[in-house]
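Down below is the structure, laid out as structure tokens.
In order of appearance the chains are A, B, C and D, and numbering begins at 1 in each one.
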Amino acid sequence: MKAVILGAGPAGVTAAETIRAHNPKARITLVGDEPHPPYGRMAIPYLLSGRIDEAGTHLRADPDHYRNLGITLKTGRALGLDAKARTLALEKGELAYDALLIATGAKPVKPKIKGLNLPGVHHCWTLADARAIAALARKGEPVVLMGAGFIGTIILEALALRGVSLTVVEQADRMVPRMMDAKAGALLKRWCQAQGVKVLTGTSIAGVEKGPKGLAVTLSTGKTIPAALLVVAAGVAPNIGFLKGSGVKAKQGLLVDAHLETSLPGIFAAGDVAQGLDFTTGALAVNAIQPGAVAQGRLAGLNMAGERVADRGQLAMNVLDTLGLVSASFGAWDGVDGGWRSAALDRDNFRYTRLEFLGDRLVGANLVGIGPHVGMVRGLIETGTRLGAWAKTLKRDPNRLPEAYVATLAGRRD
Amino acid sequence: MGWAGKILRVDLAKGSCTPEPLNAKWAAEYLGQRGLASKYLATEIDPKVDPLSPANKLIFATGPLTGTAASTGGRYSVITKGPLTGAIACSNSGGYWGPELKNAGWDMIIFEGKAKKPVYLFLEDDRAELVPAGDLWGQTVWATEAAIRAKHQDPQIRVSAIGKAGEMGVMFACIVNDQHRAAGRSGVGAVMGSKNLKAVAVRGSQGVRVRDAKAFFEATTKGKATLAANPVTGQGLTTYGTNILMNVINEVGALPTRNHRDVQFEGARKISAEAMHEKRPTDGKANLVHNQACFGCTIACGRMSQLDKGHFTVVNRPQYWGASGGLEYENAWSLGAAAGIDDLEALTFANFLCNEHGIDPISFGATLGAAMELYDMGVITTKETGGIELKFGSAQALATLVELTGKAEGFGKELGLGSKRLCAKYGHPELSMSVKGQEFPAYDSRGIQGMGLTYATSNRGACHLRSYTVASEVLGTPVKTDPLATEGKAALVKAFQDATAAVDSSGLCVFTTFGWTLDDIAPQIDAALPGGWTTQRLLDVGERVWNLERQFNLAAGLTAKDDTLPKRLLTEPAKTGPAKGKVNELGKMLPEYYELRGWSKDGVPNKDTLKRLGL
Amino acid sequence: MKITLKLYARLAQYLPAGAAENQARIELAEGASVNQVLEQFGLPPAHCHLVLVNGVYVAPSERPQTALRPDDVLAVWPQVAGGGWPGG
Amino acid sequence: MQRSLMIEPVKCTGCKQCEMACSMTHEGVFNPARSRIRVFEFHAEARFVPYTCTQCAQAWCQQACPVEAISVDAATGAKVVKEARCVGCKVCTIACPFGTVNYVRATGKVAKCDLCGGDPACAKACPTQAITYVDSDWTGLERMRAWAAKATATA
């Protein structure tokens, strides 16, 4: 069996390993478009903040890992696909496959704003980006970050830790609007400002020009601020351009069924490029998160290896550390029809807990300033555990969730 | 190293929280907790202050082994001048609160002055903050804990709090942590209430270090093995709890009954540990559900009990249907035999409420017993009680009055005075079964002579936890002595007093001494602390602490005349049992005790004694 | 003659059938000693720590020669302790 | 035969010796807040439940890690955090449906039960044998793994 995996991120690597685990004879080729061993994008901010070196970003620590598993690593970019012939066209040559996984991930979006092609404007996406940013983000230098979404906020921390004079510009009314509600977003903003980061919400960047510090960034308010570096984190889009005309169906991402298979047999998709089953809504959605990518990679690998295993859907979830304030969101954090919520807010101490329920089942959560055992939220949501009388307790005090978990799920083992 | 090395001083009037280094010299002389905090108190306040005035101070103190893996290393004490007694008060509690304070990086907290409005202290590692507690004032201990945890969004916060009893100045109000662990005696809760301090909430994540972790591990592991191998600490207390004593003490004729009118209670077995284990005929379940350990304790004597939902005390009151702290021997006695009540469920209910509202069950039960005697004599009538028939043996009266006393309402306010003030008010001071104003615990000193001397000389008023000669006189630990003899009891009492003072200063529970001697304890302390700690040094600490407390009391105005027992025990012979015809012969023991202590005939420490102890 | 035998804590299991509330009336030969009773009911000597006759302690060395009299109360405990309320 | 921690809440008295043994072994300090095992207290039920990682076969934490900082100890089957590689991204803390991987602010890394390399300190410290280290067959481990699979998955 010839398995080709396009994309060497977490989904691709996991899929390759999974196929190998189930099929010792498969010929597995893993194609990446960057000239490094497969690495975790999640780790880039930590590279930027100086906590790790480049080797520390590698998805697998052992340089011989892929060779030992008999996985062929190949660098190249896909140009197109012939689904009938089951061949993948690369810049240099072709690859034939029996099963193909598209795990090409996403790429950052560059909004149509004047001046974003100037030197000193960077995304923070690849290792090359990280190197470029590191060269410009020096202590005390003015830096502007466009976007305070999930990725932007992670970059925020890395930049702030480098000691730059940072201004964050977010066009929505709050930070991480797609992950946190207004109360949580406001806490994050106030926290960041208390740590010396300027956060401008409800503000956009109107244009960028050359300036005395390198760049001059004009805001929607009309004000212009100097910057040595502008980092753009204004969203991502799946890497599917090369599939134009191939017949693989796509909306926001490549549409996949419960077995991670696309509209064309033998072609699978996983990770940020895939629009797969969402656990909460039951609809198809792009859940661009690390654990989801790995889980989909694993499932895709199993199905490619002939194990018919269905996806129950990926739970949207995120965890964020904003200069020491840790927050997380899970599932239907904004609630569901007919549901109810329990929330507790302590503004002074930057603590917020919001749990969303349907009946006596947990369906989502927003947490700021989180305590231990946060993963239990996932456990309760995904198992659909009926909390019974504990739901009442949680209504009074949502922070007793770990107790509820142990009492209902884990504590009844004897 | 053992000690955190840091104390927090809270000026409630100013609203300030100020850290300061622990006085290392004093720590070397007084070890910690009871001893060390008593040194601070004795140095910092005028012994003559009104205990309920802002000039009194209230100290929450841990010991050097608090928060370590030493078995029972989970204790703290509250030290202040006690309102019930006018003497130095030191009340010791278990549960999890003390270790949490230590884990937050503090050895003790000294509260000074009085807050203008109700507050609680919130302590999270280095961060200390006085938080307005207007909304908590009037709330029960249990409700206060839940509210503070919810407010700070951390269910792992440990709370030590008073109920309404403490706020209202009930003279035997206590301070309760972890639902049912209490700094119980001498009215320390009333002092807290007088300061407008509702609670101390703590969360710690800094941990406790010891001098030599390897040596400490070896010493504590050996200590635990010794406790496990001992029939009392390894099995007896674990299985039956302290209430195994109910039938023993009744059998030897030393169970004070109906305000010490009798020394044996016909209903003793119904309220004993054995009964707690048996299935109730009403619902087929046992009163006892499980045992519970305090932090670090490998004995786990604590009882967790659950009431019969159909019992008259809790029918239609589901908030009391869950398990909570069950009866210890002292409480089963005070809520039961002392008032002639043999309804185990009613006693358990009363015990729950003592914890919920923060009152000392020993003093409450004993005061109820005294009031029942006054009622029996016709001195108190239903006019005073508001219609409650205060008959000996009435479980209904117990259930009603425990709640009224906890809330300081109606006749409960009168009971809240404590037996000394109540009996004096009604013209019969002789009926208060107390020493220095503090009610006796569960041993009649006519049947156990050494306990008479124990009570008379206890620095905090009548108390069994200052020298538990019962261990020797009745239980045969470490050696059996005759409970009806007076010979040798002075030396026995002194030895128990000094050793207990050392244990109370360490962070350990005095119950370990059923299985350990100071020879077992010294290596554990030595491994935790710098400076070399031996058995002899611990004994010196104990004797020093005892004399320091004595000096405080003398300066407060107490004299040798206060080292006595109520007339009933000295003149009315026991009616039944082995001690039939006996009174307590305190006069035979006290002079010898003073001499052994190195005190004058008037009970004042001699100069040589003070010098020897560095006082 | 008849005496009352009381066995507490874990020793309760050695009471004769029909006993309740930790005690039983038992029939003995005149002049039976404390030790004879303990042996008759199979009580392990090591567990007979506290042996009281009418509330008075009988030391192990005295148990063989201490004769019981009619209506005596013989009460036995293993090694126990309590003391109280370690919150106080 | 692989061994694992067997926990019997009915035997637990809530003494926290396990928490202290764990924190001393891993952190050199008695500090329940840093313990990888935690005793939950259910006061109204008089029930105490020691709770820690089951070393589940799914290894959610390991899979979620973007830098391979969590690996399987071949000898014990424990999922072990390699501190040197952990970047503190916390993805494993939300990925573990059991909630047994926690972020430690003091170190900036995550921590979880590692079975102490095959000689768990918690089990040794437990005075009531509520925590024992036994052959996996005895623990119902397979049941738990089945639960884990059903609970969260994707399988």
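Everything that follows uses one rule, which is that contacts are C-beta pairs under 8 Å (C-beta built on N, C-alpha and C of every residue); 3 or more make two chains touch, one makes a residue touch a chain.
From a predicted model like this one, the values you see are computed outputs, not experimental measurements.
Among the other chains, the CA centroid farthest from that of subunit A is the one of C. More C-beta pairs in contact connect the chains of A-D than those of the other pair, out of A-B and A-D.
Centrality by Cα centroid goes to chain D.
Work out the mean CA point of subunit A and of subunit B, and you get 57 Å between them. Averaged C-alpha coordinates give centres for subunit A and subunit D that are 27 Å from one another.
Separating the CA-averaged centres of subunit A and subunit C is a span of 74 Å.
One inter-chain figure worth recording: subunit B and subunit D are separated by 38 Å, centre to centre, where each centre is the mean of the chain's CA atoms. Taken residue by residue, subunit D touches two or more other chains at 47, whereas all remaining positions touch fewer.
With touch defined as above, residues shared between interfaces to two or more other chains in subunit A number as follows: 402-403.
For subunit B, the set of residues that touch two or more other chains comprises 294. If you draw each protein chain as a dot and join the dots that touch, the picture is not a line, a loop, a star, or fully joined; it has some other shape.
Pairwise chain contacts in this structure: A-B, A-D, B-C, B-D.
Those residues of subunit B lying in contact with subunit A across their complex are 146, 149-156. By the touch rule above, subunit D contacts subunit B in their complex via residues 13-17, 20-21, 23-24, 27-34, 43-48, 125, 127-128. Put simply, subunit D touches subunit A in their complex at residues 7-10, 38, 40, 42, 47, 49, 51, 60, 63-64, 66-68, 85, 87-91, 93-103, 105, 108, 140, 144, 150-155. On the side of subunit A, the complex with subunit D involves touching residues 10, 14, 40-43, 46, 51-52, 56-61, 290-291, 294-295, 298-299, 309, 311-312, 317-319, 321, 324, 326, 328, 330, 372-379, 382-383, 402-403, 405-407, 409-411, 413-414. The part of subunit A that touches subunit B in the complex is made up of residues 344, 346, 349, 351, 353, 369, 371, 396-397, 399-400, 402-403.
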